[in-house]
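Okay, so subunit A shows up in both of these, paired with subunit B first and subunit C after.
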Partner chain A sequence: MKYATTMIIGAGIALLAAGLFMPGWLTFLLTLAFAKGLVVMGLLLLMRAGLVSFGQGLYYCLGAYCVGIAGDYFETQNALLLILLAVVVCVALAAIIGLLLCRYRDIFFAMFSMAFSMILYGVLVKSSAFGSSDGFNVKPPLLFGWTPTGESGPFLAYGLAVVALVGVGIFVWRYLRSPMGYAGEAVRENEIRVEYLGASVRRIIYTKYLLAAAMAGLGGGITALAAGHIDPEMAYWTTSGEFVFIALMGGVGHAAGPVIGAVLFELLRTYAFQISPYTWQMILGIALLVIILYLPKGVWSLVERVTKGKPL
Partner chain B sequence: MFIPFAKKSALVGLLVASAVAQPVLAADEYKLGLVTFLSGGAAGPFGVPAQNAANLLLETLNEGALPAPYNAKGINGRTIKPIYVDEAGGATKQSSEYRNLVERQGVDAVVGYISSGDCLAVPAVAEELKTLTVLFDCGTPRVFEDNSFKYVFRTGPTTTMDSVAASYYIKDIFPNLKAVSGINQNYSFGHESWADFYGSLKGLQADIDVPTKQFPKIYAGQYGAEISALMVNSADVIHSSFWGGDMEAFLLQGAARGLFEDQTALLTTGESAMYRLSDQIPEGTILGGRGPFGIYAPDNALNRWFRDAYSKRFGTQPTYPAYKMVQGILGLKLATEQAAAKVSGQPTTEDVVSAFEYLEYEGPGGKVSMNMGKGHQASMEMVYGRYALKDGKPAVTDVRRYAAECVNPSDNMPANEWIEKGMPGAKCN
Partner chain C sequence: MSALLETRSLARNFGAVTAAADIDVTINAGEIVGVIGSNGAGKTTFINMVTGYLAPSSGEILFKGKSIVGKNPRQVMRAGICRSFQVAQLFPELTVLDNVLIAYGIMKHKILPLMSPLATKANIQQAEQLLEEYGITSYMAETVVTLPQGVRKLLDIALAMLRKPEILLLDEPTSGVAIDDKFELMDTVMRAVRKSGAAVLFVEHDMEVIARYSTRLIAFYDGRVLADGAVSEVMNDEKVKELVTGHHLDIDYEQEVQHA
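Now for the complex of A and B:
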């Protein structure tokens, strides 16, 4: 366990160091990918319990709007404060919605979660104060007196994303090996047995839902700071669908799956855009198809095959 | 067992190869990033006509075959090489793609953006990367109201004048105007269009009645319920900023139910569909073209060339997105060449910026004055007319032109504030 923690921290430091030498476009792309990876890590917790949420966009968008609105109205651009606020608000909302959602399973859970996300979308589109569907610009972030300008602009958000990723990564990695983590798979396999063992299925799912909301809010907040502009599209169901797409690509077998999936997805998309501006969607679709056909457990399963000595 | 491995290797190989392969940059090449919708609902009516126009214009420019003063080859003698990017994917995605254009592909300038959301998101990145960027089509006045940018210009007028001129026009055409209804899409452009139109009309006629206003979902396609509401709550004019497939569906479904028999439709973007839907648009419908574009464009050498060449190549007349694209690229060319005349060698981006500020030039749609937003935002005249078939061909009658100073706020005043205060300082003839 110590070994893995050191590995994750080491990877984080390496990423930060690499950030100093990366071209700006790559820094930005990785920031967005890591932010999405955070959301998908939350989704992973739910998926391992057999619940596919098509509504993580709700917290992704809410987190982003918290950062944008608080930056405007409370006159603070302190990145940490804003992100903390985003997470708190998301968890608070999830605490209410979760009470209802954790009574549902399968397609009902998916549809219900999507419905809540679409409600937020509808409300935001109607509110002209927040720029309706055009959204609005987020003020550039600060970090305790450090005001990044020009070239170092994208680096602040990148640094935040890497630090968040390391923190959440260690947490998720440990969580998946804790009794609560394993309980997710137990719930997926047989809820009645879990109840007979003395654990509350509802509480297990509720906790996971709150955690997933916190991670989605975190991802949304970082995206807002990095992109400098937010719009209601973040709560639209296609955004939530993208998270599921990434989860399928990366695989839910390991905490690293979502991050690899997100980076791969963003790289694939940007090069698909460049190589074939007319048919980039087809490239993405084919990539997912290939992964589902040949690597049904996601790209991460390649690593597992190698490390566990299974044939390629 | 080997197949998944091979697939993966091929994929990674592809990625690496394209990342490593830096395009060879010819010294006399001007790389121009062009961003319009190539997929999704806005591609057909806006993105593709604009891209077609860009293709045609760049080819002609590279041959140096455009009428004066645009007859110099390329941009300041450099051959223009276009790099197309799809505008799909949302504002965050577009910020990312903008960085790729500048940092990975090394473009000299970017012309693009139809969606207002993208136009709000991209300028901050343009400033950071100090790259000349021309917004050609998006309409929200907020771009230069909320911020001031150095490297960003918008050669297309804002939507404010569509709505303001529409209110003047119906006051002119219907002296006994009593009531207007509205049907607009439930997103920024729809809400802003209606708010500006109603606001300015209210300023002209305080007792105007609004029997109903409808905001159906964008891309809804079915307007049965809304058409019923519009028919029951009858008005003189129905205001709509619908575009593309939505406008088409609304026209077809409304006409089938006789909606336009006693009510006149006012379509602020109607010009973009008048050739495609020439049999469906009821005669007398008021059509706007977001400026003096398309059928409303003046008869000058540039416009004659453009209409002729465009219709020969693409089999249809150019609509306003095509005009606005040409206007954007020509503005960039002219500013660059004017800057070049003052320096030896190629002008720097800063030189071009100072030449572009407060530039006045003639596009295929007539005079463009970059006199708003501290010299970064264009204003133009606005034109409305009514659809009519002349010898079976689509045309317009009752055309009225409104000067730029009449339908645009004076500099430094936000559009909604200007409309709210009753449009002070408007110079109308």
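Now for the complex of A and C:
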């Protein structure tokens, strides 16, 4: 337990140090990837309980808009304050929607969660105050009026993404080993048994849904600060689909899966787009197909096979 | 003796099908009650209603004199009534150890902790002890789907006993188990039950098993109690012979795949 925590913190420090020297494009790519990794770590909690949400874009987008709108309204660039607000608002909304969603399973859960994200999309597209479908710009973040600067310019958003990733990573890693973490597996495997052991399946799912929303809001908030621009596309169903895509690619067997998946996804997308601007989605699709065929538990399972000495 | 569990005119129908009609059953502390009845007689429905899984269409269920109608399985179980299932209800893709660890994890806490680890040395040891009691320690690392029926049944019952119930309802504990192994399984279960002092109601098709373990016998037929009394008395009842134990007995009840 201590070992894993130390490892995660060590990796975080290494990433922060590397950030000082990284070229700007890479810092940007990794920031967005880490933010998505945060969203997918939340999705992982649901997926391990057998629930695939096709609507995490709802909180990803809401978190981003919270940061953008509150930054304007309160005239602040204080990154910590804005992100905290994003998380709180997302959890508050999830507390309401979750009451309904925790009653549904399978395709109904997936479609209902997607429906809610599409409602937000619809509302934002029609809201001219927030730039309708164009969205609007977000001011660069500050940390109490200051921003760390590396070789290629300011990289506060990157720093925030790394710190959030370390925090959430440690949380998820430990969570998966806790009774609540195991309860996810239990719900997926047999709800009747869970109830007859004395736990409420709905309460378990509800808790996981709130945690997933918090992580998605966090990822969305960081994305807004990093990208400097937000638009309703973040709530569109294809964005939510991307998160599921990343989860499948990286694997949900371990907290690191979503992060690996997200980085791989962003890299693949960037290169696929450069190689073939019109058919890049096809390249991504083929990549996913290959991974599902040969590594059904995601890219992370490759790491596990190597470390556990199992044959490839 | 005071009644531990008492049902009055308990009834349940599914559309036009009457699964239970007017069931009056009383179970006292310390009793081991066998239940017989052909396929579809309403035995499982009775257990489902008592444990809060199914709401009765009408009637009353009293546990230690208080009504428990309307309570959910969690509440009924906390009150002191636990059950096993005709088809063992386990976490099939997980190991036996994980099944037990999860059970303890859920049992020990009202709100499940988010951070403290579950598979600690102490918890694993406790799980081992439980498996030892039911003689299935050697299966600890195996996945449930690979287990023989008998082991699944034992694990299912072990999990039901975790809460130290005052009354244990066993739905066909020996179904799917080879004839030669039935007594061993029942011996194991009864040893654990006797240690805890719980009263037992168990559904069973094998008359030898009934004769060996029960202190009283109830025969169900068509959603009703056909006979209730001393084992020999009920077995010799003309109606029971005709409708339950007679030519009906070799029905392929193993085929019945019914969850909960």
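The rule is short, and it goes like this: the second predicted complex is superposed on the first by the 304 of 312 C-alpha atoms of A that agree within 3 Å, B and C clash if a C-alpha of one lies under 4 Å from a C-alpha of the other, contacts with A are read in each partner's own complex, and residues count from 1 in each chain.
One rule holds for everything that comes next: a residue touches a chain if its C-beta (ideal position, glycine included) is under 8 Å from a C-beta of that chain, and two chains touch if they have at least 3 such contacts.
All values reported here derive from a predicted model rather than from experimental measurement.
Trainee: First (subunit B), second (subunit C), both or neither: which does A:A199 touch?
Mentor: A:A199 sits against subunit C, while subunit B stays out of touch.
Trainee: Looking at the overlay, does A:N137 come into contact with subunit B only (first), subunit C only (second), both, or neither?
Mentor: In the superposed model, A:N137 contacts subunit B only, not subunit C.
Trainee: In the three-chain superposition, say which chain, subunit B or subunit C, touches more residues of subunit A.
Mentor: The larger set of subunit A residues in touch belongs to B.
Trainee: Can A:R103 be said to touch subunit B (first), subunit C (second), both, or neither?
Mentor: neither
Trainee: Indicate the residue numbers of subunit A shared between its subunit B interface and its subunit C interface, in ascending order.
Mentor: None.
Trainee: Give every residue of subunit A touching subunit B within the complex, in rising order.
Mentor: 23-25, 28-29, 32, 125-126, 128, 131-137, 150, 153-154, 223, 227-231, 233-234, 266-271, 273-275, 277-278, 280-281, 287, 290, 294-295, 302, 311-312
Trainee: Note which residues of subunit A are touching subunit C in the complex, please.
Mentor: Going through subunit A, the ones touching subunit C are 1, 171, 174-175, 177-183, 185-186, 189-190, 192-200, 204.
Trainee: Could you please specify the touching residues of subunit B with respect to subunit A in the complex?
Mentor: Its residues touching subunit A are 1-5, 7-8, 11, 14-15, 18-19, 38-39, 84-86, 89-93, 95-97, 99-100, 102-105, 115-117, 120-121, 124-125, 128-129, 140, 142, 146-147, 186-189, 191-192, 195, 218.
Trainee: Would you mind writing out the residues of subunit C in touch with subunit A in their complex?
Mentor: By the definition above, subunit C touches subunit A via 51, 53, 72-74, 77-78, 82-83, 85, 89-94, 98, 101-103, 105-109, 112-119, 159-160, 162-163, 259-260.
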